[in-house]
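The letters A, B, C and D name the chains in turn, as written, and every chain counts its residues from 1.
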Amino acid sequence: MIDLLAVRGLELHFETERGPVQVLDRVNLSIGHGQVVGLVGESGCGKTTLARAILGILPLSARVLGGEILLDGVDLLRMPASVLDASIRGRRITFVPQDPFGSFNPVFTIGAQIMELLKWKSAGLAGTGDDGARAGWMPGLLRPYPRRRYRADRQAVIDLLREVQIPDPEQMLRKYPHQVSGGQRQRLMIAMAFLPRPDLIIADEPTTALDVTIQAQILLLLRRLVKEHGVSVLFTTHDLGTAYEICDKIVVMYAGQEMEEAPTDAFFGKPSHPYTRKLLESLPNPEGEIRDIPGEIPGLIDPPIGCRFHPRCPEADANCRRARPAPSAVGERHWVRCYHPAGAAQPSLATPTPRIAR
Amino acid sequence: MSEVGLGLRRIYEDRLAFAGLVILIALVVCAVLAPRLAPYPDDIKEIHPKQRLLPPSANHLLGTDRLGGDILSRLLFGARITIAIAVIAMGVSLAIGVPVGLVAGYFRGWPSDLLMRVADVFLAVPQIVLAIAIAQTLGPSIPNVILALSATYWPWFTRVVYAETRSTMNETFVEATRGLGSNPGRLIFLHLLPNVASPIIVRASLGMGFTILTAASLSFLGLGAEPHSPEWGRTIAESRAYLPEAWWYVAAPGIAIFLVVMGFNLLGDGLRDILDPRIRTGRAR
Amino acid sequence: MRLLLFALRRVAWLAPTLLGVVALTFAISHVIPADPAALLAGEMASPEQIARVRAEHGLDQPASVQFVRYLGRIARGDLGRSLYTTRDISFDLVRRLPATLELTLAAMVVTVVLGIPIGVLSALRRNSLLDHAVRGATIAGLAIAAFWMGIMLQLLFAMTLGWTPLGGRLTGFPPRTITHLYVLDALLTGDWSALGSALNHLALPALTLGIPAMATVVRFTRAGVLDVINSPYVLYQRAMGVPASVVVWKYVLRNAAISTITQLGLVFGVLLAGSVVVETVFDWPGLGLWAVNSIVMSDYNAIMAFTLWVAVVYIAINFLVDVLHLLVDPRESAA
Amino acid sequence: MAQQQRRRSGSYALERYDPAVGFTAVRFKDHFLGWGHNQSPIERIDFRSVRETTSVVLGLIKGDFHGTDGFLPADQIDRLRKSENVRIVEQETMRIFTIQLNNQRAPMSDVHVRRAISYAFDYDGFNNGVLKGTVVRNPVPLPNNMWGVPKGVKGYTYDIDQAKAELAKASVKIDRPLRLHIVAGNAQSEQAATVMKAGLEKIGITVQIVPEPWPTLTGRAQKVETTPDMWTLWVSTLYADPNNWIGESYNSKYWGTWKSSSWYKNERVDDLLERALRSRDQAERAKAYEEASKIVVDDAASVFIYNTKEYGPFNKRVKGVRFCPVGSGQEVRWMSFE
């Protein structure tokens, strides 16, 4: 069966006065049905941009130079915005933002905002050819919210809020965002992501803005919901530990190139790309010593030719400096883009210590 | 000085700001060279009753006024008055406003609060109204207008400097220098002043334009220049009785004011974007 | 209740400023001039007369005593007598107030009704031709001398086209007065000819007064809207595919409105100051014109009263804006 | 300023008044003179006080106003002449314009200085240039069209050389700028002052122009020490007798009134004016005034500039306009619409 989502050779630049910033370099990515994919990498490696590209909410300066983003084999990049709004965004693909503080509009109650969303996106609309977005400009605003559906949706909301362990949902709906803690807000955000019953949820560093104890709860919650609702998730994070806890598959990105793609166990078990290995070494290990990756992330205005990691790579040779290696299989569903993969299985390095039982 | 060079370069890159700068340079040139540039330099005093209210022509590019004076010549001399007013008024406001702001920002406690409250009081009255009151009490004349404008504009500087100083004070290096036990004066002049410089420059540039408008208004209301002075606002006031026929009489000085104020505003906005990215302007995006 | 507390706190904060303003006008009228008595008595006065005036107004007392008296008078709403008309100043003030009120309100309407939509549009279509045009216009609008623009408008619409009168508030006598705002009165009494005349007279002055203020409003609205557009919650709405129309008209505007409201106080200040000049240009029988005539007649008491009045109104308006802000922005209530 | 209120309305009764607007008067049916003379008298008059002259003129041209008072700037009268709605009734009145000199204060105390000043004013430029001949040169302390005006007195002309010559003869030094006070906001006195200033600076006398409200000026004139060096003054008709002008202005017994603000003192003139005032014999009075006038002019007591022409701009439909020199206005009793 084909993947739910497949990104093929996506090349994307940001226009700036100082020239184009080459944020994504022919990136591949695939997400299977019901699969939770972790997109891992240091900040600025392009994972957030990739996530946004899938949602089609790139900044004005972004230029897509090539590649495709296929949802069930249909290229989203060639879909008119109105159709995306009507039938993809908030319907089949939903979003959990990085910043639960800023992502609520401060001047409306939470209830108002959730209901506004459901007015356009509630599961009740699924199948019915109805879509608010295509109905022009002002009409969209004046469009009524059918009473019947409203009541149904409101009930659904309250149920789901219970499900995400929000005490006294009715009360919560009457509150303003600033009256709610960060953890609560993120729970709400997650709830809003599930309400339209999407196929794919894009969670862009959903936990980084929260403090550690909350993070654990949110992750737990997220994982449970994912299992129950059987949705696919693209989960971007710079924290391997987090990825380890909830992902079925992990993709590592570096400087706008994906380096390695592997099932979580294989990823931690036998990391094959030098960068991945460095990354894992940099994790706090039982001996408690921290090894840093020598060198620094290249600027993306004139990135290194070939494999962008080569300036920092101990294995690097002429090939690496000439052309980017093609993906090569090093195991079951385990791909790596490197001329010198550490193919031979070797004792696993530090696996992050789980904060929640897997 | 390379920093100045850099600043100029940035101004040059910002087209609007550059336009502003050009206008202002032109203004200064006009003012300084007025006696040479003016086709009829004597028309500041001279009157020609027989050739009054002549429309623009080759002899009088901007026509003549109610006493036969060549309007172009008089505008050029008017530029001197305008510059004098703006520069002196701003200078005095700076001289008062900046030290007060620095002191109020540096020292904590009730004296500082008091100073700022005084500034607030001045800001509670629209400048032109307060200026009218003061100028009228002192008696109408250009020096008094300058005095009134200075007396009403300094709080703006105090405000800016105060805010900047306070924020700078919280930055570590000030703490450090303090730790080294350097005396307040040194600290203020070596560390604070350089930091508050750019907002002051911006404020001053915008203030110039604003002051010129206010000064012109005062003259228009009969508080500034004496009769037959080539001051621009005054000229507009005199021209009204001869409308609509003598349209050039009112148009010329108005456009002059517009251009100059425009120049200062453009430059000010540009400087704001260049020197102080923290302040967002409409133009910035 | 919370609102009330907030209001009280604000008043407590404003009281000293008010006091300060009174002190300021006192300083101008009693301390700056070499001999205030001579000013009051007028140029023609004989030494005896001046002496009498000095005694009457207690100008021979130490400044502190004078100030206390001055304060008392003002508290009692006694602004003194006009040196020119010898009428009670507060009487003139009240009689002239409605005209200025009508003009200022009209200008406010112009400012807001035009300024905000333009600002929003220019922000939504940023870097479009429209946006550049608008930005140019706002910079220009802030650089034009109001009195000159007024005269130019007269030149075009009144003298050349003859569409509007040159000045004044009305031809003929006002409609039966209820509010003393002619437009309103005319509406209430259904006096259509008066209404037409009033509006016709109001058009140019309101425009002249409104345009510079409009420039300010456009700028702030534009900046505000841009802030909102680039905010994470709008990003979120887009990510969730909420129709653009809804995002713009419901979310963006509501939020931008808040930043605009905070500017209204500032705008009102601009309008108040402007009314002095504009009323002179359009011969509008309001407080501004009254103040200017007082200048021509060097009527110090009147000018001081005017200054004081403007300051008080200005402060009051800013206070109201704060309260309004509290009402529209839920975040305030947290603070 | 168009002060329609100035018109007498004894034969009309005030109906409504609002300082900001003006007033309305209705015909007073039982006026003691009756209305037999006027078949279709004007029943109702709206007087509007309009500050901006330009508005008045525009109103007349558009036909909103049917008349206004006579004192309009020359250029406005030109505009009215062009309009088909308006007819301008023109006649020389008895309102003379002078620049008063404080004869008691140096340097104006020196007759040569006063003459120099009188030579330094561009009469032709002002009367026929600035005022476009809407006034007539009036070289004597009496309106040209009053009796008692000496025959063939040319007075002073604009002549810088003469002025310099006179100044050379002066015994006092002029070591300070002379203060020329004018009526604040009055365009004509501003321009007159400017003309005077321009002339005087040609002969090396600097002038400072000081605008002041009218009441302040008249107040100043009450004492010699507060009276300005020079100031612009119109003397109009309170009563149609030479004493209204030359008498009250140059007979030192009137010192302290603003008309006599030149503080002129000349025994001979005092004597002549007294006699003229007491005498019943018209011929003798005339002779006295003529001689006094000659002396005053010779002493250059003031700078005598012009006598006003009256311009009553009226809507063409208004008939029967007549002037009344006293208080210079038009008598509405005679008017009617055609």
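Criterion: a contact is a pair of C-beta atoms (placed from the backbone, for glycine too) under 8 Å apart; a residue touches a chain by one contact, two chains touch by 3 or more.
For clarity, every value in this text was computed on a predicted model and none was experimentally measured.
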B-D or A-C - the one linked by more C-beta pairs in contact: A-C
Chain closest to the middle [Cα centroid of all protein chains]: C
Centre-of-Cα separation between chain C and chain A, whole angstrom: 53
Cα-centroid distance, chain A relative to chain D, in whole angstrom: 91
Separation of chain A from chain B, taking each centre as the mean of its C-alpha atoms, in whole Å: 54
Centre-of-Cα separation between chain D and chain B, whole angstrom: 43
Residues of chain B touching at least two other chains: 222, 240, 243
Overlap residues in chain A, where contacts from two or more other chains coincide: none
Chain D: positions in contact with at least two other chains: 52, 54, 184-185
Topology of the chain contact graph, where touching chains are joined (line, ring, star, complete, other): other
Interchain contacts, given as pairs of chains that touch: A-C, B-C, B-D, C-D
Contact set on chain D toward chain C in their complex: 16, 18, 20-21, 24, 46, 50-52, 54-55, 58, 62, 64, 184-185, 212-213, 215-216, 218-220, 222-223, 226
Contact set on chain B toward chain C in their complex: 16, 117-118, 120-122, 124-130, 132-134, 136-138, 209, 213, 216-217, 220-223, 233, 236, 240, 243-244, 247, 250-251, 253-254, 257-258, 261-262, 265-266, 269, 280-283, 285
Contacting residues of chain C [partner chain A, same complex]: 231-233, 235-236, 238-246, 249-251, 254-255, 258, 328-331, 334
In the complex with chain D, residue positions of chain C that touch it: 42-46, 84, 95, 99, 158-159, 162, 165-174, 283, 285, 296-298
In the complex with chain B, residue positions of chain D that touch it: 52-54, 73, 75-76, 79, 122, 124-126, 128-130, 182, 184-185, 187, 190-191, 193-195, 197-198, 201, 208-211
